[in-house]
Every structure is written in structure tokens, then in C-alpha cells.
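See structure below.
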Amino acid sequence: MKIKLGENSYGKNAVQLSKIIRHPAYHEFRQVTVNVSLKGDFDEAHITGDNSMILPTDTQKNTVYALAKDHFKTSIEDFAIYLANYFVTTQPQVAASTIEITEHLYHRMQFEGVEHPHTYIGGGAEKRTTRVTKTATKVNVQSGITDLLILKTTDSGFEKYIKDKYTTLKETADRILATKCEINWTYGNLPADYTAQFNNIRELLLLTFAGHKSLSVQQTLYAMGKSVLEAYAGISEIHLQMPNKHHIPFNLEQFDIQNENEIFIATDEPYGLITATVTRE
Amino acid sequence: MKIKLGENSYGKNAVQLSKIIRHPAYHEFRQVTVNVSLKGDFDEAHITGDNSMILPTDTQKNTVYALAKDHFKTSIEDFAIYLANYFVTTQPQVAASTIEITEHLYHRMQFEGVEHPHTYIGGGAEKRTTRVTKTATKVNVQSGITDLLILKTTDSGFEKYIKDKYTTLKETADRILATKCEINWTYGNLPADYTAQFNNIRELLLLTFAGHKSLSVQQTLYAMGKSVLEAYAGISEIHLQMPNKHHIPFNLEQFDIQNENEIFIATDEPYGLITATVTRE
Amino acid sequence: MKIKLGENSYGKNAVQLSKIIRHPAYHEFRQVTVNVSLKGDFDEAHITGDNSMILPTDTQKNTVYALAKDHFKTSIEDFAIYLANYFVTTQPQVAASTIEITEHLYHRMQFEGVEHPHTYIGGGAEKRTTRVTKTATKVNVQSGITDLLILKTTDSGFEKYIKDKYTTLKETADRILATKCEINWTYGNLPADYTAQFNNIRELLLLTFAGHKSLSVQQTLYAMGKSVLEAYAGISEIHLQMPNKHHIPFNLEQFDIQNENEIFIATDEPYGLITATVTRE
Amino acid sequence: MKIKLGENSYGKNAVQLSKIIRHPAYHEFRQVTVNVSLKGDFDEAHITGDNSMILPTDTQKNTVYALAKDHFKTSIEDFAIYLANYFVTTQPQVAASTIEITEHLYHRMQFEGVEHPHTYIGGGAEKRTTRVTKTATKVNVQSGITDLLILKTTDSGFEKYIKDKYTTLKETADRILATKCEINWTYGNLPADYTAQFNNIRELLLLTFAGHKSLSVQQTLYAMGKSVLEAYAGISEIHLQMPNKHHIPFNLEQFDIQNENEIFIATDEPYGLITATVTRE
């Protein structure tokens, strides 16, 4: 069988860009990480080393910085769509361009309830994300959240599962449920305001998590995804990845102390990993 | 010259503990990382392998979990003091015990301005810390903050420094100042309420950072430390470590675009590292 | 449109297992990280919280440790195949099970050319990997390497690429080529000895990298993949991911010093990312 | 009590530098991370923002790259001494300069026993380190190793330790001993060839670890340190930090399987941390 080049892509990853947008009353500070990835007619580059169809990844990086001046003014989705479209329209050899942007969150400091005009505090591990893929005729826009650490101290149990000879886990009607989620959704209809959509969906996800009487991570995950699809007709599907960050009751009883669901070993590994897409028929 | 054992210590690090404190109206969730370190008469353990003076690090870990039930109810400082005292009083061979506690911050979720009774969101990279060292007769209590990411988009410059043949940096009266600080202070007088003290000092540090017209990181660092010592007579000294997380203007001019302090390369490495102790005469 | 559960899976990740295999002349030490992932009939768990079809991830973890005693004796591939088959045959609700194993490499210490019988030194970042997916009727076996850091100081250039208004990169016929690769290949025919296969393929990949006169990362990547498919008819395809870890010449000329390709800034970010599958027609 | 500036320093950290040294028969590739730290008369910079005594950290970085051309030709110690001396002699306001260099290890690829002239493979996590502090009249040179992962599968026990009410650890005469050490030693007399010294000391440390019948980590640590001081009169003291990376026997007995010291849970946290200096009277 003859050997051939299969699926391939190339691009620049981890372009770290920050921007100050100067509003009359305050400075808006934004920091993002941008990945560019291109697919297209790159067979000759692989097979003969002919680079005549290759836009260097260094140039891709420069392009991101150059276009940020005029085109990164609102949401990361709008900037990603602009960039994805730029590469696919200016580079005829590019069949599809994918732009991923991760936004590092900063909040304006507040003193006595008043926001400071130009001083920020980092927003922590949680990040807002987008992934846009553009071809000559189509655009696919995903938005999401990553590293969102959420936890509830009750309203979560895990019972009536399969038992076999290797089972040691005890059933419980009351446990800590903690997860550091990665969630992203696909737009069937592109919204006018991605940031408003993002804020609404994030709020709904948190509200569903908080209110859910959880019989399993699977059930909570599905409830969260379903709530978004029910509320927003423009979302075609949503993907949730929820590692179960186990808080394991410490065996105080061996020291004649009662552990009434109070003292836990917080663990990172090993971890249950639950992942699903909620979609429409 | 004869060979001998010099300074030495041993203990358990990275004890990951979480606790639910059940109040009538809500559940308080706490998560901490505890390090135990003991110094004392351990020469025989090193020289002959005689373990009769060694409290295993596994037992130290068990002790942390066991004592958390009754003694981790308020601040990490109070728990650390209890633990440090426990090891030094129950183990006669221990001359000094040091307890370090790092608290991972969680915030109760809020919906329409109301805090949910048992659902939390992770507080990000910033962590509250303490370090307590106890001997038979003395206690040293330090409190602090780590991984506090703060940034201002203006009111910061860097000018009139030494120039030599390797200088390429341009002077600027207006740059981004960003740092991920580690700050800790030592109590000359132990306060009644460590959490109130912590909150007040943290607020003062942020306020000083926000209001300072910075001529250098050094000057801002010193101003922050000085403000704490001036306001709190019970603090004997404060140590600040402030890596300069550089946001470097991207050279848009090479593309005939003006960069009016808008577009930056956000860098992690290399970084300036400024560190100082502010103390009293 | 009705909402429904789409693709989903669950399992235990990061099961950290080490084993001593006691040979007459020496102890063999092995350390692996195992991920288990199951797909199947889990709709009720998501929709109603009915766990009767759920084998807990905690039990999956126990199973890995229990089966390692008798079934982790040779390659990670053999162990992964056993585990994958175990879950799919003992759990009728499981349609497909995937086992990923990453092996952390240790080498026996050598003194004066003799291997010590029971003392090891860690093998660094490079790890051997496998991914096995099993259904009732099919098995897919992939083997690979991850975090393989390789570098050549010459025989690499990058020229004759597209130039546009954002191009600043200079063409070069002589640059450092460095990459931390992730490579994995799929077996069309399962080999009798996975470890011998692995060692042969790894050697061939290194030899091809070393000998290649590189006109681009793409060309080197393709040459490496092609060499494996040419040499091993049992390999159906190979996937290579090669981040370009740039070593950028430092501009010494600004200090009137000549940099004859000697002094470089070693960078992690941003990085070019080149990825491709080499396959058969 | 008046407030004053206490101990302080500043400098550039994480300067990533690589170098090709072109020998007739092969290319030598070196990659290092350099930290510069200066102490001296910086009171005005902190108190009034007067930068006239401040050599910018950006200039420090440039200096490292510029001086590497002619002065980084042999060991990291020789380069660190040159740099430390450069800053203290050219900058009168600097009372002490400290240079830390971490060398990332690369090995030339070998094919059929022959080293390739210009192709390298990364040497893993283990790194060679140095720390040099220079004042007008004194130099202190430390050399060391970091992230050295070593392990023995037998000849290690832990018994006859203190038992109390929180003890659950079982005594064992045969356990895995694993540690990722950080070791550094101070030269009383500076050697002519730092690399030869480093290689000899590293070999002796490994040999002592391999041959030691360990009754505790403390005893092994001390034996390792002592062996170096006994063999090398020019070393004034050695510091060893040895986290105990626990491999905990998995309880197979609960499944009616015997675990004859074969199957272990490999853990990262929590970990015992043993640290000591071995010195001379």
C-alpha cells in the first residue's frame, strides 16, 4: 500500500496578547492566549520541503498582534471570527482556519463599592474560551468556560450502583460534589452579543448546579447541559467535561473520633472523569 | 576536620484537608494544605538509623486530620498555633515545630444578591497563608497572601536609571505594572482575630497599590509595606516579593500602525524579581 | 427539537501504579499511569440518576490494581489489552472500553558498566504510551511516545515561504530545530512483542530525525512518519505532533558583537505546532 | 518605632539561554536558565523612587546574553563566577551579586555506539545547578543537582519509631525508597575543573544510595552527604533535601489476593520531607 499524507495542520500556539482599551471613565484591560491553526494544501511542504504555500507561524503571530489593534474591541468570539476569516480569505491555499482564544479574567478593584478606574485583580483559574473554525462557506462558533471549580457540600449522593468482587466504595446519600469543569457550546444561530450570551449561560449553569439534587455526576452534568439547551434555542449542543475531584471522608473512627461528614482528604488523583454532549434530535 | 550533622528537619508536606463546618443557616467549606516540620534531637536517626526519637511523618499527617475536627474552627493561624504547640509539647525530643498552612479560597455562590447556603465557587490562584514556629518558650506567627495577581494600566513609569553599553530598554512614563505577589508579615503582638487582621491588611495593600504613582516596582513595594506598618502597630515587619510580569509594547510601527500603549506581549519569562523586607528600627 | 444525550463516557483517570517484578538476578521496577474510560448504555444514569448500570470509577481503580498482580508482567500494551477486554466482557452494558497507559521510564543504575540489581534512576520526561479500545468484536491498539525532546544544531533551514505585510521572520539555511514530540502509531497487525516493536520504531524515528536535511518541520515530520510505515508493514498509520521549540538568535549585533549562530533565546511560547498523520492509500 | 527598609534585592530571573559551541568534530549544545540578583545601596529607589542607582533587570538580561559569547565556554560555575564578578566590579553600588544557573541536560544521540555530531536528546528532569555569590572581597560557590529521581526496590526499611494514639503506619523491613532529591555543596577550595568534580560527586552520591542498607531516609541522606565530605576535602558542607515519594502497598488482601510487596500506589502527596546539612566541625 502506498504511503500518503493524511490529516494535517499547522499554526502558532500560545500567542500571549494583552490590550488596554481606553474608555473615557476607565481603562479596560484584556489578556488573551490565541492559537492559530490552518488546514489546506500543504502536501508539497511535507513531501518535498517546498514552502511556497506556507505562511510562517511567526507571521501568523504578527498578524494576531497587528489585527488586535482595530479588531479586538469586544468579545473574544468577534475577534476570533475576524482572525479566522482573515486567514481563509487572504490565503487561498488555506481551506479552513481555526482560532482558539482563551481569555484570562481580570476584575477592576473595588474600594467602598466603587470600581477603581485602572487597577485590576486577577480573576483566578477560571477562563472564558472560544473556538472558531472558518472555511470559504461555513463558520462554526463555540464558546465556553474552562477551569471552573465548583463545589457543593450536600445535595449530592451516589448509591445503588453495580457491586462486584472489587467493590470497596460505600454508598452515601450525602457527599461533597466538586469538579473543575470544562464546558463549551456550539451556536446554531450566531448571537448579536456573545458576552451577554456567555454571562447568561454561565449564570444558568451555576444555578442548575446549585439547585440540583444530585444522584450522580452524570445526572448533574446532564441537568446542566439540558438547562442551557432548553433556555437558548440558538445553542445547538453543549459539551461538558466534569472531573470528579473527590473529597474522601478521613477515617477518624480508628482514633475513636466520630467523623460526621466533617473532615475529608482532598484529592487530585486518581479522579473520576465524566464527559458528555447534550444535543438535539 | 570531623564530619557532623548540621541543621536538619523533617516532616510531612502537602497534607490536603477539607472541612465542612455546619452552621445553622449555611455550610462553611474550607480547604487547606498543611506542612509540618520538626527540628530537635534527631542525630541518632541520621547517624545510626535509630528511629526511637522519630514520630513518623505518616503519624504527623494523621494528627493533622484528627485535630482538625475540634481545633480547625476559625482561622488557619489558630489551627497552626494549636498544631505547632501540640507537637512541641507532646514530643519532648522536638525543640521547634513549624506549621505552614495555605488556604485555598472558596466563595459561596450568589444568585440575585443572595448567597447560596451550600454551593461554592473556587476563589482562584490567590491563597491565604500562615507560618507558625513554636519552641518551648516562644511562638512566631506570620500571616500572608500568595499568588495575588494585581495590575494597573497606568500611574506607573520607569525612568532615569543607569545606562550602559548593554542598555536597550526605553524609558517610559506610562507602562503597565503587573505582579503576582507573595507577601507575609510577622506579628509582634498576636491579634485576637487573625481573619479580621488579614482582611484589613489585604485591603490596605490593594488600596496602596491602586493609589500609588509608581516610579519603580521598588517604590511601590516599599509604599505597600510601609502603609501596613504605619497602620498596624502589632505588625513588626513585612516581607514582599514582587515579580515584574512584563507587558511589553508590541512593535506595530514596523507595519505602519501606531501602538499608542494599546497592544502588548504578555510575558512570563524572563521576569524582574523585586524583594524586600520593610521593618522597624 | 427534542433534547437528548449525545456521545458520552466515564471512567477513572490518573490511577498511579507501581510494581516490582522479582527476577532471579534483579528487580524490575515499573511505574504507570492508567486511565479507564467506558462507553455504553448509560442514558438512565444521566437522565434519571439510575446508577444500576454504573460500575463506579472507584471499582475501576481497584480492578486495575487487582489485575496488575497477574496481568501486568510484560508490555503496557499487553496489560491494556487485558484490562480493556476485562471491562467489555464482564460488564454487558459496556459497548467499548478504552485503556490508556503511560509508562514512566526508569533505568537501572550502572556502576563501572555493571547494572545494579535493584537501584533505579528516573528516565526523565519521555514516556512510553499506549491506547487500547475494545468492543465485543474489535480491538484497536495504538502505541507511542510522549514528551520526547529532540534537537539538532544544524541541517535545518526554513526559506522560500510566503511573505506578506506582516512578515518579519528572516530566511535561514541554518537554524536549531528542537521539538518535544508526541508520536503514536496504530497497529494493523498486532505484533508478538510490543516492546521490541516499540524499541525498533523509536530508534528509527531518532535515526531519521538525525539524518534528515530539514527544509521545514513539516518535511522532517513526514520523513519520520514515512520511514516507520516503510519499515513496518504491520503499522497502518502514524500520527506526529511536533511543537517547534524556537531557539531565536539573540541580537548581539546591537552591542557590536557578532552572533555567528552561537547565542540563542530559548523560548517555550509562542510555539509553532505542526501535526500530521502519515497513512496508507 | 521608625519604619525602615530591611534586607532587599532585585534582579532578573528565568533568562533562558542556549548556545552552540562548534568543535571540529561535533557541535556542543548547552541550555541554561540564569537568575541574577543584586544587593547594595538601593534605599533611594525604594523610598523616593530615584532610579539613578538601578541597573535595569532588562540590561542584566542583555548582559547575560552578551557575555555568554566569550565567557560561557566550559562549566556553569565558571560562567556564573564571571557574571557575578562582572556585576560587582562594574556597578559600584552593588555590594553583592548572586548568579544562579540551572543547566538543562542534553545528550548526543548514539547510533550503533557512535555519537551523532549534532543531534541531541533531552536529558530529562534532572538538572545541574550552581549558585555563586560575589562581594568585593569574597566569593561563595555552590554546585548541585536538582530533580534527581532515584529509587531502590529493597534494602530499605522503617521500624522501631515512636508509636502513639494516631499511629497507623506498619513497621516494615522491606519497602521501596524513592526520592526526587535536591542536593548542593559548598566549595571550601575552588576546584580547577568544576565539571569533573560534579561528575565525581554525582557518581559517589548514586553509589552510596545504591549500596546503603537504609533504616530511614535520614540515615541514607546522612550517609550520602558524609561520603562526599570524606572523599573531597575541598567541599566544606553539603545540603540534601529528600522528599520521600511514597509507594504504598495496595491492599490486595481485601480481594483475597496476596500482595507480596509487588503492587503499590505511587503517590506524590502528601510526602515526607527530610532535609539536612552535613558539615565539618
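Order of writing sets the labels: A, B, C and D. Residues in every chain begin at 1.
Here is the rule we use: contacts are C-beta pairs under 8 Å (C-beta built on N, C-alpha and C of every residue); 3 or more make two chains touch, one makes a residue touch a chain.
The structure displayed is predicted, hence computed values, not measured ones.
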item	value
Centroid comparison with chain D (C-alpha atoms), farthest chain	A
Contact-richer chain pair [C-D vs A-C]	A-C
Euclidean distance of C-alpha centroids - chain A vs chain C, Å	24
Approximate Å spacing (C-alpha centroids) for the pair chain C, chain D	29
Multi-chain contact residues (two or more partners), chain B	16, 62, 66, 166, 168, 255, 268-269
Contact graph of the chains (line, ring, star, complete, other)	complete
Contact footprint of chain C on chain D as seen in their complex	16-22, 27, 29, 31, 62, 65-66, 68-69, 106, 109, 111, 116, 118-126, 148-155, 176, 180, 203, 206-207, 209-210, 247, 250, 252, 255, 257, 259, 261-268
Chain A-facing residues of chain D, complex	165-166, 168, 254-255, 268-269
For the chain A and chain C complex, residues of the former touching the latter	1-16, 35, 37, 42, 45-59, 61-63, 66, 90-91, 158-162, 164, 166-169, 214-219, 221-222, 226, 229-230, 237, 243-244, 268-281
